[in-house]
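Below, chain A partners chain B and then partners chain C, in two separate complexes.
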Partner chain A sequence: MDPDILVRGLTAGSLYALVAVSFNILYRPTNVFNFAQGELVMLGAMLFAAGKSTVGLPWPLALLATLAAVGTLGLAEEFIAVAPILARSKTGTGWVITTLAISLIVSNLVGWIWGPDPILVKPPAPLSLDTFEFAGLRLNSYVIALAALTIALVALIERAYRTLQGKAVLAVAEDREAALLRGINPARLSRWSFFLGGAFAGLTGILAAPILYASTSMGPALLLKGFAAAAVGSIGNNRGALIAGYLIGITEAVGASLLSPGYQEAVVFLVVLTVLLMRPQGLFGLATTRTV
Partner chain B sequence: MNPGPTIRFRRDGGISRRSLLQTATAIGASAFAPGFSAYAQQQAFKIGWVRPTTGRLASSFAPLYLGGLIAIEEINAAGGILGRQIERVEEDDEASPAKEPGIVRKLREQDVSVIVGPTGSSQSLASLAATTQAKILQSTYAAAAEAGDGKKYPYHYQLMFNTDQQADVCATYMAKTLGLKKIGILQENTAFGEQAAVSTKAILQKKFGLEVASHQVYPITATDLSAYVANLQKAGVDGVIAWIANVPNAAMIFNTMKTLNWFPPVTGHSGLMLPALFDLVSADAVKNVLATYYRPFTWTDTEQPGLRQVAFAKRLAQFPEAKGYEVNVAASPYYDFIYLLKSAIEAEKSFDVEVLQHALSSVKDFKGLLGNISLTAHNHCGIDITDVVLVSIASGQDARAMGCMRARAPNQ
Partner chain C sequence: MLIVDSVDAGYGHVGVLEAVSLCVQPGSIVALVGRNGAGKSTLLRVISGLIAPTKGGIRFEGLDIAGKRPHTIVNCGLLHVAEGRRIFRNQTVADNLELGLYGLTISREEYRRRLEPVYSMFPILRERRDQLAGALSGGQQQMLAIAQAVIRGPKLLMLDEPSLGLAPILVDQVFDAIVSLRRSGVAILLVEQMVERALEISDYCYVLQSGRMTADGAARDMARSDALRTAYMGDHDSGSN
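On to the complex of A and B.
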């Protein structure tokens, strides 16, 4: 078997895991899936590319400006499309439509402003996409850094959940009313989660841009498999999302290398379907009972 | 000028029965009056203009209509068609096939009998189902060979090369001109990619007795395409026919070839010629890449592009929105369709759809911008395959390119 499959799987898997984690950040305190998440990833890439190439900002400044901008958009989305729905009913699902609407608005606006042409984003020096051989694998320094950063970011987020604020988020995720009785403000946490989830989506876009190029077609490409990684890894579980992201990435790479045309994509969804049929709560979730 | 019969409205905006009857009588009487034909001629000739003005594809599809706009501008400036100015009736289809039947119905209600657009094979085929039934003359930007079938769609005129012609030119170049035996196909998993790959396989088999050495199908949303390129290399193919229609995918593929230090001859779709690709790949990565294009827009060491095409390129340069899309604008069928329609109307001295359909279906050697157009009741594609050639995509960087000109490949 081609050893490069592993490299391809890790590259794609890192991106899927990052999208899945950005879903989780929003989901935990709100129980809301943000269907605009793919477009926030794309917006992050486009803003960063524009900041770097058009405005000529240095890498760190363009990064911070993009995170702030996409995070603020996430916050605005919470105000406009999510909070009013949840204010009416905590179990309402109107956010499916409203977050999709935000997705369409962002996609149209970005297409209108930047057009369809992809923009080249180079990795920050000293990282590069130039390949070298190591132990029979064809690697490049950016892919190694991407995988390492993905793991580090997941570890950092997991650590953040051990802080007081993080525990408050987990408490809200567990029981919103009980958390409210303990003096936790779920609305404030919801706003923060949308800001951080937006910023994280922006960061994912920035990290994906050197590999996929910044373009309007980025969002849908990452949304579906990122969502699949979140579901397979158990919704809300970031370590699960990381492992599921790599599982999907490697499955996809194996499919592309070994299977006949037409089955390559199907095999990814076959794996996702099999996992969810056997473990509907995902690989790392615990089965729960609910009184009805 | 005779303003024609008018309806008198009441103060409340309604119409009295008497006024309505008077107007109807006046219209009936005027139909027999000598001035009626002059009156009708003064009415604008409405052409439905179907394109996305909203949605993800709005900005990329907008320039593709510039050729049609230029044609209308030129014709109107010269006095219109039989004295009637052309008026566009715009409809936004959001590039969604589901919207097309409703749009056709809406345009029909506005007495539109000719439609330009939509763009895209799936959008076009969805629209054609409705326009064929409504007997509306139409030209769409659709590469699917099916769209040029005059028996199936008698009111539609493709006027651009289709997937069968592109496949023929690419397969012939690989098998005959280069004499290659191990040819691979790399296609995107879209309707376009599927149709082009099926045609390519059939032509290689039928014309040259060759089986495809490796056939790779990639999803356009894939984050990595190196596996597909590596598979072609492993299969030992010495030429690749690539059906790729979007720039990020093309960039990933050519950059992978560069990483693998593998530069087989590649032939493919005109979408590979977009200048945006050169921002993403180095020139040496595309040195062996050729794409299908129109002979009149090409040059060789001994031949220059057509004068009319050069004038068109200069006109196009005046539209800032065309920058970067000149090839796609030039390859659009809309300029030729408007002029072909004008020619048929003037020859028949009629705007009647059936008369025009009959006239258009027997056009011979119409000198179009894209080549000589000949149509029959069965063949509504119109473009002669001798006008379809392969060009070097790297020549887009040449000063002679003028946006939409390219260097023709040797022996083309």
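On to the complex of A and C.
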């Protein structure tokens, strides 16, 4: 078996989990899937890479600037592509097209500005991608930090839902009209969620950059598998997303090692499809809707 | 304090209410009655801003609130407890009550101070405060829905069929709560299927029939009036009962 299987599974799994969580952040108050999410991740990686190498910012500054920029883009997307659609009909699905349009625009703009060549981003010291042997498995310090940070971020997001604003988001997700009658303004929560969800996607891109390199091609793959993780983990359920992310990441690594790497995608989507056919609501379930 | 002035409203292109007017005086209980589908809930939804009127005006304490968004209207002190126990089932009883105060800047102390009267009105909520609201019985959910609105300190409370589907003893509790709220100065607009009980505690009554106000008067007189009977029997049905 491939000795790097754990590194690959954990790395990919962390990233899929993070993308899935960023989907959930936006989905809860709006019932909208942001199909531009993959490109926001990509933009985060590119901006961070550019900020560090081209502009020469120290990494904490590059990080903050990137989060602010991608968060603001998420907010702009809400204004342009989501709020007008939801204003017309709460159950309309026009946002599928408009968020895909934003996705294409971002992808093309970034390709036009930076070109197709991947940019190398080194992990911040003292972390590195140098592998070491541990109990017969190969690991590196960056992937350990990445997995730990992923778990910590999910825990942090879950804590955020224990605040009053977080409870209000859950209330909107469960019964929008009842939330309105309690003085909650879903439009405001929706804007905040797009800002924070955008920043979260930017952060995911920054974390992905040392492994995948920053390039325009990282968006679609992360979008698809992040979405798969969100669906398998049950939409809206962040702990589910975390587990499903690693499930998919490790399935992919195992698939690549048992078969040839060319088949890993097929293995992943076979597993995802099987799970969703048996349990369309995902593995974990979250009662967010109710019928009267 | 609330003046609804010849309002038209509906869903999409379907008109439901036609030239509906209604008035609620401070500190009074006003009953709004009528058959299923008459448009009672729709009228409450228009007042609380869930649907915008297509015509007419709505004033609350002198403020024009027609077409304003629900959270703005809530912040004026006009609270609407919707039909069907619309609480947040996936959150605890305490969380539900906290959400009742959403948007107010309130200290922890003030929050606890406001919980007291609500818990003494519905003691069961204190006992079950850490349980998921979805685990409450129907009657307890209704109490929670009312408590969520009451904790905010409303000036006018609109209740849509608060007794629907409750066991008789719980119905008594809900009606007692309404009376005690009025005693503490809250005006109430009450939609009820239990017309006789509603009229017993009300000061004034409006009868809505197919989207139009067909009668109104002091609750005492209405209890004996023909207008009420025809509203419930329908226009063409004049059989016994």
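Operating definition for what follows: the second predicted complex is superposed on the first by the 277 of 292 C-alpha atoms of A that agree within 3 Å, B and C clash if a C-alpha of one lies under 4 Å from a C-alpha of the other, contacts with A are read in each partner's own complex, and residues count from 1 in each chain.
We take it that a residue touches a chain if its C-beta (ideal position, glycine included) is under 8 Å from a C-beta of that chain, and two chains touch if they have at least 3 such contacts.
Here the structure is a predicted model, which is why all the values come from computation and not from measurement.
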Just checking: does A:L181 make contact with chain B only, chain C only, both, or neither of them? Give me first, second, both or neither. second
Is A:S141 touching anything from chain B or chain C once the two structures are fitted on A? First, second, both or neither. neither
May I ask you to decide whether A:Q281 touches chain B, chain C, both, or neither, giving the answer as first, second, both or neither? neither
Pick one for A:T72: touches chain B only (first), chain C only (second), both, or neither. neither
Applying the touch criterion given at the start, work out whether A:S107 contacts chain B, chain C, both or neither, answering first, second, both or neither. first
Of the partners chain B and chain C, which touch A:D2 in the superposed model: first, second, both, neither? first
Under the stated touch criterion, which partner chain does A:L170 make contact with: chain B (first), chain C (second), both, or neither? second
Under the stated touch criterion, name the partner, chain B or chain C, that contacts more residues in chain A. B
Check whether A:S128 is in contact with chain B, with chain C, with both or with neither, and answer first, second, both or neither. neither
Residue overlap on chain A between the chain B interface and the chain C interface none
Hey, which residues of chain A end up touching chain B in the complex? 2, 4-5, 8, 11-12, 15, 107-108, 111-112, 115-120, 131, 138, 208, 211-213, 215-217, 220-222, 224, 249, 252-253, 256-257, 261-262, 264-265
Name, in rising order, each residue of chain C that touches chain A in their complex. 48-50, 69-71, 74-75, 79-82, 84, 86-91, 95, 98-100, 102-103, 134, 148, 152
Contact footprint of chain A on chain B as seen in their complex: 54-60, 189, 215-224, 226-228, 230-231, 246-248, 251-252, 259, 274, 276, 279-280, 324
Write out the stretch or stretches of chain A touching chain C in their complex. 164, 167-168, 170-171, 174-175, 177-185, 287-288, 290, 292
